[in-house]
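Presented sequentially are two complexes of subunit A, the first with subunit B as partner and the second with subunit C.
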Partner chain A sequence: MSIDVSGLTKTFGDFVALDDVTVSLPTGQLTALLGPSGGGKSTLLRIIAGLDTADAGTVTIEGREATNLPARKRNVGFVFQHYAVFKHMSVAKNVAFGLEIRKRPRAEIDKRVAELLELVHLSQFRDRMPSQLSGGQRQRMALARALAVEPTVLLLDEPFGALDAKVRKELRDWLRRLHDEVHTTTIFVTHDQEEALEVADEIVVINDGRVEQVGSPDTLYDKPANDFVMRFLGETTDLAGQTVRPHDIDVSMSPGVAGSTPGTVTRILRVGFEVRVTVTTDDGAEALVTMTRTLARSTGVEEGAKVWLTAAKGATAVPVMRAV
Partner chain B sequence: MSTATARVAGGRPARVRRPASRHSLTKGSALGLGVGMIWFSLLVLIPLTAVVWTAGEGGLGTFKDALTNKQTFNALKLTVLSSLAVTGVNIVMGTVIAWVLVRDRFPGKKLLDLVIDIPFAMPTIVAGLVLLSLYGAESPLGLEWNNTRKAVLLALAFVTVPFVVRTVQPVLEEMDTDVEDAAASLGASRATTFRRVILPTLAPAIFAGATLSFARAISEYGSLVLLSGNLPNRTEVASVRVYSAIEGGNQQSAAAVATILLLVALVAIVVFDLIQRRLARRG
Partner chain C sequence: MASTSSTSVGSGSTVVTWVLRLVVVGYLFFLIGWPSALIVRRTFEGGTQAFTEALQDPDVTHALQLSVVVALCAVAINLLFGVGMSLLLVRYEFPGKRALSALIDLPLAVSPIVVGLALILVYNPRFGWFGESLDAHGIQIIFAKPGMVMATTFVALPLVIREVVPVLEDMGDDQEQAANSLGANAWQTFWRITLPGIKWAVVYGVVLSLARSLGEFGAVKVVAGNISGETTTAPVLVQQKYQNFEQQTAYAMSFLLVAAAVVCLVIVALLRPKDHKPSRATATAAIQEKAS
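Presenting the complex of A and B:
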């Protein structure tokens, strides 16, 4: 049982948002749809929710064919980047909306709303209007509203995108803990690789309307399928025709190792514990190496020094594919 | 905080508080407020007071005479009822037109958006002429509505079209479609979404437009005198009644009718505001 998307295609005029996407998203997990802006991940999420319709392809939610089902019948919770709160309703009313539409008894609604507000730590704000809440509080309210109807799947579209860095980080941790408590199948869209790596059980990398790779954060980081995934999931640099991580390069002051690339240190930047060394190799390319302050000192790296670079043993590396 | 302290210490809160708030005005805003108040008084408050004063000079009797005069009473009744009817139509049609202009795409949309304002921009007597040539005697449409009550409704509807459209339009443009998507994903049908989410958001704008439209309708003169024929007890409206009272040298009676119109407008503003608040809170 899961959410199965098969052969989804969606175009907006000339722009291809999704190009024959087939992917299966496992039940009970927290899955991230990761990719650059305009890559099609939000479109995929909206099609799963029934807020957009695909030109071709099918969507199955927990074994139930949902391709032609309207949004209101899919039992899907949706959280929007800009909260989409009902401005004229109090916090409690917002959360109760889905239950009131389902005509549940008043007492049951009140009980459920109280539970949910407790869950998202907004109990003391139940009678406030949304305009009196901060961004983070509004998003938590939106989350409670979506959870109120006990959705089969919870979809979040860049849920922390409009929040400042500190709140974003807090909410990210909180979402992870909430998911461990509630276990609702959750899919969230993000363009922030750190967010995806930190929160998700499984990541689907989407670019140019296609799925580049599906896997756990470790798999994606350690065994990227191609240089796009590698580049998107963290800092990279090119060395001898390969894409490697800057912290996976060994620097030597003498040409000891066979196959090492000679170059000259052209710039050193110290950021806290980290030292970022720019090396111009003898064939004119630039490579970035990062190392700890301690290592830089003991190696004796300094501007103008002649160095030899090698990819560290066991480093993740993929061949450079330029002009993709 | 200072309010609370003042209340505890002073015992008579309002008196203690006032001077402090006056001092909190900056020079610029004090000047602005002063100029604004003088301008408003000269243009609005003083003339209005003068009208009410003139009407009041004759005592309550003047009002009683005005209201018991069958012709005046019928004119007032026709004015108020027609204005209410036209405002009702505007609430629905204005919202529909605004919706179409904001949400739909069709050829000629820009043109329609422009044309909506014509009843605003046009001198009312010209509007009257246009209506007369279309719906008057020898109407090319075969609708000879001149000298009937239909003519009054038609003229009022014509001049008040833009009000609700123009107040609702910007609010609709600002409105996030995400909110509708959220309601749909929570299980709401289109109708429920409209009633519980869209309407409460639009209500203040709709009723602001309705108030303007009603106020304009009860005071309309130019566009309907030609078409309605001003038949006593049939198609004569209150503003025409005021005009003929002045023509006949009866200043006090004119002022009495004017004051009644003023009261009706005031009541309408309050009632519309109450309905609006209710709708906006319902959700």
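Presenting the complex of A and C:
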């Protein structure tokens, strides 16, 4: 186990930002810390990096007790949400910083910087100042800077948060490929579930300062521990006391199946290939069903039609625990 | 009609801008420009000869040397403590921080004469708090250079801090944390990251302090006493010469003081990169202090 966090508690005044968090993050993997805004993701990451101190609990990095180690001795690469580039240094100088601090020989520094700039596709920008780079380029530079010191772990706080959707997606794929190349244990924070599901080997869901669930993307999607995790990982709707995914509901025009929920179609919205059907059940609740255009046509769903809803066989469902 | 009304609105606002400009220019002219210009005119009324003669007066050269030494010492102290205090105020949380921050502005608010008197109360060799014991060890503060440096330092204290604090706040501690996580210790972080970030604010604060220190009169006059010209600084000598009807010498020295201040400010204006904005409040305060 690469990073072990145990019983971590952090309060700001009387606000509890982390509440007895215990989690193990595996070596060599790409782990996502996923959760809503204010959930405590950055706080956890900063404590692992030594940029903040916890009120209680321990941090162990690669078997080394690190709880009271200052940030500079943890050999952790940290990439900040807003890059934190050194504004007065050129791209190459930024990347070289950690190596110069470690007093490596000049030739070695130059070689390593050239390699890293190659890796992040910034070779032709080596003499530019950070202010002359685009957001995505700055982010890659920050990544190269963190990788330069060959960190035991690489921590990224919402690495793509400030970028537009297209660049985000490119960088996300690139991060995945990069990780497959360098294999540094990597933890990145995100509040975008799609990003986490697509890129990460392992996901830690954090909410209100607590770990809700740890698992692979498939585990989390297929076997959510509770309805919070289920809701957070994708669209959900409530049907007969259960939380299910809208595409996991079968619609029938006759009351064939036992336990099906009767209702009336109140609204149909077509978005590209998908049809979104709102059904008001007989007990007054609303359920959302999504299906393909083809299926909608063959079933004969239309506004005002009487329908019976059932959760599809094998659908992921958890009991409704709290009101939305 | 429509077009005339729209132009009249346009010219109306232009008139307002022009009136405002006129008011500002007039204000600056009567308060600063004209008096300074008159000093220059008086200095060179009789050609440059009177001016060079005045500068050969040994009193004058001594006073100028003393002023420069005292000002440089005060600036060096204010540079070290100013940067340190700014870091303390911006980067650390501690009880009494707001009180300290308010206290730093005190020298701008208090009359320099009072500062001088207060220093005498503390360090006077006969009845001061520390004075007696210091005197017993042969250290003289009041009526000597250390006291003058202290008075000048006190008066110019806020200038570096008030320049550096907003820039430090603006910069945030992201870059410093990044440096830490890359292995830099506190000193390396300060030297390689923080200092380059606040460089221009420090330069500006130093130059303002220098200009202010060279011109300090009240506080220095009180602590310097009048030991037969031994502790007379340039501004104090200006007053003495003026009262002794040696106006020409007084004007010549005034001119030098004004010129030094102007050179300082021009150098900074030239050095400063376009995007650095000094805090106007302290800049004007210092300049007006000088003008008064």
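Everything that follows uses one rule, which is that the second predicted complex is superposed on the first by the 321 of 324 C-alpha atoms of A that agree within 3 Å, B and C clash if a C-alpha of one lies under 4 Å from a C-alpha of the other, contacts with A are read in each partner's own complex, and residues count from 1 in each chain.
In this section, a residue touches a chain if its C-beta (ideal position, glycine included) is under 8 Å from a C-beta of that chain, and two chains touch if they have at least 3 such contacts.
Just so we're clear, the structure is a prediction, and the values are computed from it rather than from any experiment.
Student: Using the overlay on subunit A, decide if subunit B and subunit C clash or can fit next to each other.
Tutor: clash
Student: Contact-wise, after the overlay, does A:G98 reach subunit B, subunit C, both or neither (first, second, both, neither)?
Tutor: both
Student: With the two structures laid over each other on chain A, which partner does A:H179 touch: subunit B (first), subunit C (second), both, or neither?
Tutor: A:H179 contacts neither subunit B nor subunit C.
Student: Does the superposition put A:A49 against subunit B (first), subunit C (second), both, or neither?
Tutor: both
Student: If the two structures are placed on top of each other, which part of subunit C overlaps subunit B: 4-12, 58-66 or 130-138?
Tutor: Stretch flagged for C-alpha clashes with subunit B: 58-66.
Student: Need the overlap of the two footprints on subunit A, from subunit B and from subunit C, as residue ranges.
Tutor: 49-51, 70-78, 80, 82, 84-88, 97-98, 101-102, 142, 145-146, 148-149.
Student: Can you name the residues of subunit A that touch subunit C in the complex?
Tutor: 49-51, 70-78, 80, 82, 84-88, 97-98, 101-102, 142, 145-146, 148-149
Student: Using the touch definition up top, name the residues of subunit A that touch subunit B in the complex.
Tutor: Spelled out, the residues of subunit A in touch with subunit B are 49-51, 70-78, 80, 82, 84-89, 93, 97-98, 101-102, 142, 145-146, 148-149.
Student: Write out the stretch or stretches of subunit B touching subunit A in their complex.
Tutor: Against subunit A, the touching part of subunit B is residues 176, 178-179, 181-189, 192, 196-197, 200-201, 280-281, 283.
Student: Residues of subunit C touching subunit A in their complex?
Tutor: Within the complex, subunit C touches subunit A at residues 174-175, 177-185, 188, 192-193, 196-197.
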